[in-house]
Structures are given as C-alpha cells and as structure tokens.
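Multiple structures are listed underneath, in structure tokens.
The same subunit A turns up in both complexes below, where it pairs with subunit B and then with subunit C.
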Partner chain A sequence: MSTMRLLAGRTLSAGPEGFAEHAARLGHLPHAGRDLTEVVVRSGLTGRGGAGFPAGLKWRAAAARHAHVLVVNGAEGEPHSKKDRLLMSTRPHLVLDGALLAARAVRINEIVLYIGEHHTIARAAMERALAERPAADRKHFRIAAAPARYVSGDSSAAVHLVTTGIALPTNAPAAPAMVQNVETLAHVALIARSGEDTGTVLVTMAGGVSRPGVLEVETSSTIADAIALAGGATEPPRAVLMGGYFGAWVEIGQAQGLTLDPAALRARGLSLGCGVVGVLPGSHCPVCETAGIMRYLAGESSAQCGPCFFGLRALAEASGRIATQGSNSEDLQRLHRWAAEVRGRGACKHPDGAVMFLQSALSTFGQEFASHPAHRARRSA
Partner chain B sequence: MPDTFLWYVTRAAGAVSLVLLSGVVILGLLSTMRVQGEGWPRFLTTGLHRNVALIAVVFLFLHIVTAVVDPFTHLGWGAALVPFSSYYRTFWLGLGVIAFDLLLAIIVTSLVRNFIGHRTWRAIHWLAYGSWPVAVIHGLGTGTDVWSFWFMLLTATCAGIVLIVAGYRFMAGPFDPLHTARAVFRGSVEKRELP
Partner chain C sequence: MSRHYEIVVDRIRCDGRGLCAELLPELIRLDDWGYPIISPGPIPEHLMPLAERAVEDCPVLALTLRRTEQGKRASR
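And now, the complex of A and B:
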C-alpha cells in the first residue's frame, strides 16, 4: 500500500494548494501514456462517484470506442456529500493531474470539468489552478456548471449536458465520452506516481456525529473507526445509511464492524456509493427519515417515465401516511408490492436507486414500519 | 387428432386476441388519463397494460402459427408477414397481416425503448391506433364465426368500449400526462451560462 494520501500537505483550512507547492510535494506530472491504463487496472481502483465501476476497465472500453471527451464529474448532487467539493477546493491540482493522465491514457483531447452550479468555492479553486498550469495543459480544459438536481451527477446526465445542453439521465448509450468522478481522478494522480493503490477513501460523515464532514480513511478502517474520527456519535446510533440516498440502511450492530473497502462492502451486498456515511441517532425515527428521503427522491424524478414519476410519488405518499398517521397493514403491503412493480421500469437508474433504498429500509426497520405511531414527519436528516 | 383441430385453435385464439388486444388499447388509453386512487396509483395501469399486452402477444402468435401450419390453408410463413401475399382470402387476411406488422413495430420498439429514446418509442406507439381497428375489420371480414351471435356480441362490446374510452380520452386531453412535469424538469437542467 502506498504511503501517499489525497489530503496530505497543508491543512485543509488553508485553502487550495497552489501549483508550485503541489509540484514540490509530489513532483511534476509523470510521463505516462497508454500504459497507465494497465497500471490502473492492476491497482484495483474503483469509481468513487457511486456506481463503483473499475476505473481501468472503463478506460480500456473508452479507448476501444474512441471516446473523445472526458467529463470530470464534480456535480456532487447527493445531499450530505461534501468530499468532491472539498477535494476541488483544497487539492485542485491533484484533480487536474488525474484528468490529464486519464485523457492521455485514453487519447482524449477535450476535458470538461463538470462542477455543481452552487459549488462556487470549488469552481473558483479549479479555475485558479487551471490558470497556474502551462498553456499546453490548459487548452484541453473547459468548465461546465452541473444543474443543482439529484440526477445531474448521473454519468449519462453529465454527458448529455456536455453534448446536448440538457442534463437528462438515460440508460441509452451516450456519445463517446468517458465520465470519471473527481476523487477517482485524484487517486489516479497518486497511482501514476507510486504505481499502487492509495488505499484510502474519502467519506462524508453525516447525521449523529459530533464533527460531521469529510474524512480520508484507510480502506481497512471500520465504520466504528470513522464514527470515532468524526468525534464520536452524539448519542447511541440506531443504524447507518451507507452510500447516500441510493445506498442501504444497515443496523448499527452490523454496521460498526464493516470496513470502508469498496470490494469488501460489495461482497456484503452493500456499496460505498458516493461515500456518505449517515448515522441515524437512536432518538430519531427511521420511518420518518425514510419517508422524508422518499419524498425528496420522488421530487427529483426527471418525469421521463410514468412508473418513476407516479410510482415514486405513490411510494412516498404511502410511507408518508405511515409516518404521519401511524402504521397500517394496507400501506405496508402497498410499499412492498409497488416497490417491486417500479423496479426496472425507468429510462434511467433513478427509480431503481430509490426503490432499493426503500426496500433496505423495509427490511432493516420492518418492526418500526409495522408498529409506527402517528408522528409529524420530520425533514430528512 | 381431427384435421380441423388447428382450424378451431386459430378461431379461438383469434377471438381471445380480439378481447385481449382491446383490453390493451383500453388500458393504454386509461394510463394516460387521471384514473387513480389511493390504492391504485396510475403507474399500475401502465404495468397492467404491459402485462396484458404480453399475454395478448402469446395468443396472437398462437392464432398466426396455427393458421400458417394448417395444411388446409397452405399459407406459408411469407403470408404471415407480407400483406396481401396469400392466395387464400387475400384481402381480409392481408388486413390481419398489416395489423400484425404494425403491432410488431410496437413490440420491438417497446423492448428496445432505452436504446431508441422515449420520443421515438412514443411516436411509434401511436401505430396502435392503426393496428387495432384494422385487426377488428380483419376479424369481421374473414372470421369463420362472424355471423354467430357470440362473435358479433364480442366484437361489438370490445369496439364499443374502446370507442367510448378513446372518445373520452381525446376530449379530455392533455395527451401526455407527464408533459408539464417533464417541461419543468427540463427547464431546471438546461445548460447555464457561466457567470
């Protein structure tokens, strides 16, 4: 395992690391070409945007179909996720290095930095970092604003914004483009220098911890370690939402021992996703939290397909009724039945992601859903 | 097995297809309208439309395959796909083939909807309004049982309900239930000029 870390160097509160400082710390951009693809394949690096696809395999496929644009995905539309913003705001040259290396390996000339429209500090840092670069590097880049919607961060939506001007998510094969998350590319910048996996992940600790925010942790650390690093839980937790809103709820007893290792999590049927670890305090109601998140996800449907637009709305309403009016077996049955009906019926991954989240809530909090008293629905954590 | 067995199957499967395809058209029309309740969100109508369509296709294939392999008609496989190519009841059978070809386009585009995009899929789905009436006329023109009371009643009932629901739907509008929501969403994800 490499000793390099993404967030090594100056303290994070000191603002973005400049080009001279970056080069003095890590040396100049390594002279790597197409051979870097195989180094990345061997490193085992997986995408850190959510889907967790092996980066090296993505590069091989992109080279084979002559992708001509690289989209550096810093949309970060996931509520609670802060790690992409933090990385761009503090280590912008790591992201630029990774983007240049990936573009060279796949023979791409055009690189688009796709940054959340409200993430102004991150964009300013990336713009300044670009200005510090030699003109030969700079000419490959342009910046596009990612609309502030949940689905904007989907790789197909990113490609559609760059090619057609509308960030619409689809399953249809998009233009020959390669999309890679900013953290993934920052790892590439280190892998190209050391030849091996960085062995760390960026996670955003959210919910019931004393110091919510971004942590860089070893993949061998457990969720309990991460909670301790975030200042400990504010009160005994009930469960953890692993991987953001398209992730899954895990009972705290099982969650604590899980390592933050993408491969190990996948082996357990879970996913690191976008790296959000949401800690649900014991005093919060899991049914109300789930209902709040379902309402949010239903509102983020792009309204392309009826099963997603009307189906998620019906699921949000049924879970909302259980949250506000108390359990009833009819709505509970509907949640199970309709969730199965919606899955696989959309033109993009949105309905499936939302339904899998709901199904994890139904199985983790089966007891609570069956015996929920009438509450006023709280806003999502 | 009596040699008229296949012919009976063709007739029965044809009648069942008439009922199921009419059901598919009715459910398709209803799915674009505000037919919903707390226990029946409208996306379930779409799901039922799709599932009944799959069953209808099974009976339609049975109808066509038994007609083709029936030694009495000597139709051949070409006649099942190319309109007006059969020597046997050329015109009326040709109508059935046209209806089937249109339906085939609808089935294929629905299976590959993710690859061709929603707009193209939707445009081709309008062919249903051509396919269904042609199929009904085919049944009236060549159906062996056309003068029997039960077949007349079946056809009249199916056609009646489809016409009533279609009339209601085209008066009610809008044609696309997601039109407004989709426009709102697209507006929110259009490319912004950077300040």
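And now, the complex of A and C:
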C-alpha cells in the first residue's frame, strides 16, 4: 500500500494547490500510456461516484469500444456529499493529472469536466488549474455545468448532457464515452506515480456527529474510527446510512466495526457508494427520516419512465402516511410489493437506488415500520 | 441452436397504454400504474407469434425483441 494521500500537502483552508506546488510535491505527470490500464486493474481501484465499478475494467471496455470522450464526473448531486467539490477546490491538479492519464491510457482526445452548476468554488479552482497547464494539456479539456438535480450525476445523464446539452438519463448514450468520478481519477494520479493503490477513501460524515464534513481515511478504518475523527457522535446513534440516499441503513451495533473498504463492504452486501456516512441520532425517528428521504428521491425522478415517476411517488406517499398517520398493514404490504416491482424498470438506476434504500429501511427498521405511532415530528434527513 | 428472444421495453417511450398485456398476458402484466412488468427469460416458442404482434402493435413503439443466448435468463 502506498503512503501517498489525496489530501496531503498544504492545509485545506489555504485554497487550491497551484501547479508549481503540485509538481514540486509529486513530480510531473508520469509518462504512462496504455500500459497504465493494467496497473489500475492490478491496484484494485473501484469507482468512487457510487456504483463502485472496477476502474481498470471500465478502461479496458472503453478502449475496446473506442470511447472518444472522457467525462470527469464532478456533478455530486448527492445531498450530503461534499468530497468531490472539496477535492476539486483544493487539489485540482490531481484531478487533471488523473483525467489526462486516463485519457491517454484509453486513447481519448476530448475530456469534459462535468461540475455541479452551483459548485462555483470547485469550478473556479478547476478553471484556474487548467489555465496553469501547458497548452498541450489544456487543449483536451472543456467544462460543462451539471444541473443541480440528483439524476445529473447518473452516467448516462452526464454523457447525454455533454453531447446534446440535455442532462436526463437515456437508454442509449449518443457518443461512446467513458465516465469516471473525480475522486477515482485523483487516485489514478497517485497510482500512476507509486504503482499501487492509495489505500484511502474520501468520506463525507453527515448527521449526528460533532464535526460533519469530509475526511480522508484509510480503508482499514472502521465507521467507529470515522465517527471519532468527526468529533464523535452528538448523542448515542441509532443507525448509520452507508453510501448516501442510494445506500443502506445499518444498525449502529453492526455498523461500528465495519471497515470503510469498498471490497469488504461489498462482501457484506453493502456499498461505500458515494462515501456519505450518515449518522442517525438515537432520538430521531427512522421511519420519519426514511419517509423524508423517499419524498426527496420521488421528487428527483426525471419523470421520463412511468414505473419510476409513479412508483416512487406512491412509495413516498405510503411511507409518508405511515410516518404521519401511524402504521397500517395495507401500506406496509404495498411498500414491500411496489419496491420489488419498481426495481430494474427505469432507463437509469434512479428507481433501483431509491427502492433498495427503502428495502434496507424496511428490513433494518421492520419493528418501527410495523408499530409506528401517528405523529408529525417529521424531520428531513 | 434455436433462436431465443426476450421482450425489451424502452421505459422512456412506454406510455402505459397496456395493449401489450392484453395481447400477451402469459408474459406481460401491468403494475398498479398501468406499466408493463415482463416475465424474465426467453419467450417460449409457442408464444413467439403473439410476442411479435405485441411488438408491432405497441402504439408508441416501445417494445423490441432482442436475441438472447440460449437458456440464459434475461433481466426485465
């Protein structure tokens, strides 16, 4: 395992690291070409945008189908996630290095930095970093603004936007493109230098911790370690939402010992997802939290596919009825049946992520869903 | 090797008219909002003519037949 870190160098509050400082610290861009794909495969690096697909395998497949656009995905539409914009705002050259290396390895000429439209600090830092690069690097890049919607970060939506100007998921992306998250590419910049996996992940600590925000932790760290690094829990937690709104609820007793290692989480049927670790304080009602998140996710459907648009809305309404009017067996049965029926029936993964989240709530908080009293103390997560 | 096909729905195109479920109830049912749920797996030989009809008659052309490997279970 390498001793390099994504966020090594100047303190984060000192703003973006300039090109000279970056080059002095890490050296210039390594001379790697197509051979880097196999180095990345061997490193075991997985995507950090949410889906967790092995990066090297993605590159192999993209080269085989002659992808000609690399989309550097910094849309970060996940409500609590902050790590992608922190990385772009503080270590922009790491992201540019990774993008150039990936583009070379896959033989792509056009690179699009796809940055959330409201992430102005991140965008300004990336623009400034690009301006510091030699013209030979700069000519490959352009910047596209990702609309502030949850589905904007979906890879088919990202490709659709950069090729047609419409950030909606599609069945068939128009241009052969490769989409890779900004953190994934920053790891590539280090892997190309050291030859091995960085061994760290960026996580965003959210909810009931004293210091919510982004941490870079070793993959051997546990969730309990991460909570401690975030200043500790504000009150004894009830559960953890692992991986953001497309993630899964885990009882605190089981969650504390889990390591923040993509492979280990996968082996437990969980996912690091986009790296959000949401801590649910013991005094918060998990049913009401779940209902609030379902309402949000239903509203974020791009309304293109019937099962997603109508299905998520119905699921959100049924969860909301249980939250506000108390448990009833009809709604509970509907939640189980609809969640199973909606899955896999959208053009993108939005409905799948939403119903998997709901299914984890139904299994982790089965007791609470079955015996929820009528109350209106609904908090949004 | 005999040919096997599965029914694929373009979820963006599909409007929930429900004609497919009337033509091919053996393989297609509708969810509570009128959108088709397709049985997974290859279309049995004897239902192929009905499946072809369902594809041709879809008012918004949201259905296609896609070849599958023999015996391979297809996703919805």
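Observations, loosely collected:
Methods note: the second predicted complex is superposed on the first by the 374 of 381 C-alpha atoms of A that agree within 3 Å, B and C clash if a C-alpha of one lies under 4 Å from a C-alpha of the other, contacts with A are read in each partner's own complex, and residues count from 1 in each chain.
Convention: a residue touches a chain if its C-beta (ideal position, glycine included) is under 8 Å from a C-beta of that chain, and two chains touch if they have at least 3 such contacts.
What you are looking at is a predicted structure, and each value in this text was computed from that prediction instead of being measured.
Annotation for the three-chain superposition on subunit A: subunit B and subunit C clash. By the document's definition of touching, of the two partners only subunit C reaches A:Gly344; subunit B does not.
In the overlay built on the shared chain, the residue A:Ala167 is in contact with subunit B alone; subunit C does not reach it.
When the two structures are aligned on the shared chain, A:Thr184 is found in touch with neither subunit B nor subunit C. In the superposition on chain A, contact is made by A:Arg149 with subunit B only, not with subunit C. Greater residue coverage of subunit A by touch, when subunit B is weighed against subunit C, goes to B. Contacts of A:Ala303 after superposition: subunit B is touched, whereas subunit C is not reached. Of the two partner chains placed by superposition, A:Thr200 touches none, neither subunit B nor subunit C. Contacts of A:Glu330 after superposition: subunit B is touched, whereas subunit C is not reached.
Taken together, the two complexes place residues 170-171, 304-307, 310-311, 314, 338, 341-342, 345, 347 of subunit A in contact with subunit B and also with subunit C. By the touch rule above, subunit C contacts subunit A in their complex via residues 9-12, 14-16, 31-35, 37, 75-76.
Listed in rising order, the residues of subunit A touching subunit C in the complex are 170-171, 304-308, 310-311, 314, 338, 341-342, 344-347.
Partner subunit B is touched in their complex by these residues of subunit A: 117, 143-145, 147, 149, 151-152, 157, 161, 165-168, 170-173, 301-307, 309-311, 313-314, 317, 330, 334, 338, 341-342, 345, 347.
Subunit B contributes residues 31, 36, 38-39, 41-44, 46-47, 113-118, 177-178, 181-182, 184-186, 188-192, 194 to its touches with subunit A in the complex.
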